[in-house]
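Presented sequentially are two complexes of chain A, the first with chain B as partner and the second with chain C.
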Partner chain A sequence: MARGALTSRLVAVALVAVAVALPFFAATYYLQLASKVLLMGLLAMALNLVVGFGGLVSLCHAAFFGLAGYVLALTSPPYEAASIWITLPAAVGAAALAALVIGALSLRTRGIYFIMVTLAFGEMLFFFFHDTRVAGGSDGTFIYFKPLVAIGSLPLLDLEKARTFYWVVLGLTLAGIALLVVIVRSPFGHALAASRVNERRARSLGFPIYRIRLAAFVISGALAGLSGYFAAAQFGYVAPQMLGWHVSATALVMVVLGGMRTVTGPLLGAAILMGLEEFLRASTEHWKLLEGLIIIGLVLAFPDGVRQLFDMALKPHAFPALRRMRRPAVPREAGNA
Partner chain B sequence: MDLVSFAVQLLNGVQYGLVLFLVASGLTLVFGILGVINLAHGAFYMLGAYLAYWITARTGSFWAALVGGVAIAFVVGLLLEEIFVKRLYGRDHLAQVLLSFGLILVLDEIRHILFGKDVHSVPAPEFLRGSIQLTEVLSYPVYRLAICVFCLAVAAAIFLVIQKTRIGMIVRAGAENRDMTRALGIRFDVVNRYVFAVGIVLAALGGIVVAPISTVFPGMDNQMLILSFVVVVLGGIGSVAGAAIGALLIGVADSFGKVFMPNFSSFTIYVLMAAVLLWRPNGILGRREI
Partner chain C sequence: MPEVALRAEGLEKRFGGLRAVREVSLDVHIGEIHAVIGPNGAGKSTLINLLSGELGATAGSILLRERPVGRLGVHHRALAGIGRSYQKTTIFLPFTVLENVRLAAQARTRGGLRLFGSPERDADLNANARAALDQVGLSGRAEVAAGLLSHGEQRQLEIAMVLATEPKIILLDEPLAGMGTSEAKAMIELIRSLKEGRAVLIVEHDMDAVFSLADRLTVMADGRVIASGNPEEVRRHPAVRAAYLGEEGPP
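Here is the complex of A and B:
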């Protein structure tokens, strides 16, 4: 067990080192793709706080993601770059506020209801930006400049450079991972997990379930907003589709693909799914057909995500069916139940 | 607003609500009996509309489209239950969400391959094309009235089947207590298959009847999916009567919202939903625990 922990720690360090060094050997296109993967991974990890750890299947996280993007678009002055010190807190704050309001209403419900209510409220924001002329209606609107990171008139970072942008996104993703790990390991995180495993018991032990879930929902919404802010800055464009529930569902696929019980699993899921999309898009016009079939196949074949595949390879003893295949008819030792 | 235009708006709202009821009742039946959340329900509404367009264009007869569309939807429903949905019974909602999301991607791409990305319109049947002159300037299309009559007839048939027949008894018992019903010897594998197919047929039927009054276009599934979800949330999961109340509320609220607050019409229904959630989190006719 200790050796396994050491190995996974070494793998993590190696991965971070490769990620940091990526701009020195990857072309700009792949650098931009990597930024996109990290941002979608951040969204999926944020979503996983409520889905995987809280047991609440939310279908409105794209709304927080897109809302933050729209706040950046709306607070940017038309012909110059917006200051990150103003627009970023505004965007994340707006996402957190939306999560507070939607969460306060939706968390009154359970199970299927919760899924449907979050879906409906998420689409409410979609239709708000789609039907009104607030920011270009259904056409969306452009963000011509990336946000300005400067103190006074002294520029600190130039986000227009793909390399710098990537490092900033990488830093944020790592910070997001650290934050989520701290939350999940804190007493709050344990209480959240308890509310998932046995709500009645947690409630009878005196945990304020509703408030715990709402707090997790707001944190998760704010992180989704953080991701959406940088996604909008990267694309230079916001459109209502960014808030649509298909984005939420895609993030859910990433969560399940990478495994729900770990903080970083969804990031792996994002990398796999987006890599797959990239590959399918290059090979056929009707790539969505294949993607849909692959999603269906994964759900039916691997209920616990692709981690299950790795686990099967690394820890075959945890899977009785595999053990029987590998070592047939080995008599059990006494006391080794 | 004078009385006649008020009546016209009310009629529009009721007509919209009745179509919503068709689609949402299929959704709520599938929830109630199978315990499966089907996000692809809107895709079958779109399928119905595209089938109406395709068959009408081929045969020239809307009635052929009505019969053919229903038959195709029924067969598709049976096949999908057999291949995919039956593997979801008892799985968590997340798996159901993801599988139906995958299904949406597949169905939408098949729609793209078969029918393309163009916007289509469907002619109404010959004898329903006129309109009734109400005042000098206002008239009301006969086809919309025909939709109302048709939807009311389907609704009456649904209620009759559920309340008065043996099949309906099984469906009600299954929604109430599934394990006990199974212990009494009811074969749910068969019941599930037909309930799912009927749910799909109801969604497709909604798409077929609205095809002549609205355009048939890619993405028409999304709005209907959200609206029928809101209807089910309002009415209470598994309750067909609740779906009827919810659908009429939404239809009328949407119709008047478009008149009084044209910019924020899509908001009225969400405000309605928020209010019902504050008042009765499990829907107007919902049971306390799910």
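Here is the complex of A and C:
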């Protein structure tokens, strides 16, 4: 067990090292793609806090993602860059507030009703930006400058540089992972999991289920907003589609594809889905069909998510079926059962 | 007179036209086991659900040491000291036995919802959880997934979870259901030990167990209390003999 943990730590360190060094060997196009993957991965990991750990399938996370993007667009002055110190807290705060309101109402429902209610709230926000003139209506609006990271007049980072932007996004993604890992392992995280596994028992032990779920929903919405803020900055453009159910559903596919019971699974899901898309789009006209088939294949092959592959490779003893395949049956030591 | 821990007055629960519980009043005392018996559908589980807060009463009041709790939700009543088990075992099946009990201990702890730290490394939580497992005799199974336990062990685990919340009042809904003879024997002794410093209300069909455990009995039929008192009084009560115990009578 200890050896497995050590190896997986080493693999993680190696992956992070490669990710940090990426700008030194990858072309700008791929850096931008990598930034996009990280941001969608962050959205999917945020979503997974409620879906995988909380057992609540939300279909409105694109609304938090897009809302934060819109806040950046609306608070950016037309001819100069907006200060990140003002626009980022505003965007994340707006996403968290939206999550608080939507969560407070939709968490009164359960199961399929929860899915439908979150979908409805997400679509409400979509149509708000689609049908009103708030920010260009259905055409969306441009963000001409990336946010300014400066103290007074001293610039700290130049987000216009693809490389710097990528590193900032990478840093945020890693911070997001660290935050989620801490939460999942915390007493709160255990209580959240307990309410997923057996709501009735968790409640009769004394856990305030509604408040626990609402807190998870708000944290998750805020992280989705963080991702949306940088996604909008990267594209230089926001449109209502950013808030639509299609983005929510894509994030959900990333969650399922990568693995719901791990923090980083959804990030892997994002990388696979977007890498696949990139590759297939260049190779065939019928890429959507092919993509769909491959995803179905992967989900069937890895019902617990593709991230499971890593665990299988690193900790084979944790997978009895695998162990049986590798070694002939060995009688268990007495007293070990 | 021993201290009243939980008092129900004129409780009623309607499900549409059905009055599953009507005009039920009872006291549960610290240091006593109060058994509620009655035929299937008498309203016993509904009564427990009213007391634990899972159902809201249509009429009547519930007092927890003179404090009205009828309007409190389930988790508030749990934190106020009411612990319960279910007729159908209700535990966290995929989690290990220790995790199950640790969650129970965590629920009533200050900081039980902190966003940092780890329950697994919390010495106090682990000690409390282990103590509860010791008390029900499940220490040897701490690392086993709860779903892999035998039925009897699962019922023991549920009691351990209730104990780990350190309740003042324990409500048990048919704790012996589906148990083998030797398992049941151990469970009866466990239940007997629970009344030390606590009030216990037990719903049970096993009459031998009931008459060996109960300090006080309430007999229900069709949602109503048809008799109550100490075991001797109830045993002799004509309505009970007719409606419930049959001609043979209890042992």
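Simple rule for what comes next: the second predicted complex is superposed on the first by the 294 of 337 C-alpha atoms of A that agree within 3 Å, B and C clash if a C-alpha of one lies under 4 Å from a C-alpha of the other, contacts with A are read in each partner's own complex, and residues count from 1 in each chain.
We take it that contacts are C-beta pairs under 8 Å (C-beta built on N, C-alpha and C of every residue); 3 or more make two chains touch, one makes a residue touch a chain.
Bear in mind that the values here come from a model prediction, so they are computed numbers and not experimental data.
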- Query: A:205 contacts which: chain B (first), chain C (second), both, neither?
  - Reply: second
- Message: Going by the contact rule set out at the top, does A:96 touch chain B (first), chain C (second), both, or neither?
- Response: neither
- Query: When the two structures are overlaid on chain A, which partner does A:197 contact: first (chain B), second (chain C), both, or neither?
  - Reply: second
- Query: Does chain C touch more residues of chain A than chain B does, or is it the other way round?
  - Reply: B
- Query: Of the partners chain B and chain C, which touch A:300 in the superposed model: first, second, both, neither?
  - Reply: first
- Of the two partner chains, chain B (first) and chain C (second), which one does A:188 touch, if any: first, second, both, or neither? second
- Task: Applying the touch criterion given at the start, work out whether A:44 contacts chain B, chain C, both or neither, answering first, second, both or neither.
- Result: neither
- Message: Going by the contact rule set out at the top, does A:110 touch chain B (first), chain C (second), both, or neither?
- Response: first
- Query: Hey, what residues of chain A end up touching chain B and chain C alike?
  - Reply: none
- Item | Residues on chain A engaged by chain B in the complex (per definition of touch) | 51, 57, 59, 105-106, 108-113, 115-117, 119-121, 123-124, 127-128, 131-132, 244, 246, 249, 252-253, 256, 286, 288-289, 291-296, 299-300, 303
- For chain B, which residues count as touching chain A in their complex? 31, 37, 39, 84, 87, 91, 93-95, 97-99, 101-106, 108-110, 112-113, 222, 226, 229-230, 232-233, 237, 263-267, 270, 273-274, 277-278, 281-283, 290
- Residues of chain C that touch chain A when the two form their complex: 52, 54, 74-75, 78-79, 83-84, 86, 90-95, 99, 102-104, 106-109, 111-120, 122, 161, 165
- Message: Show me the residue ranges of chain A that touch chain C in the complex, using the header's touch definition.
- Response: 182-183, 185-188, 190-191, 194, 197-198, 200-209, 212
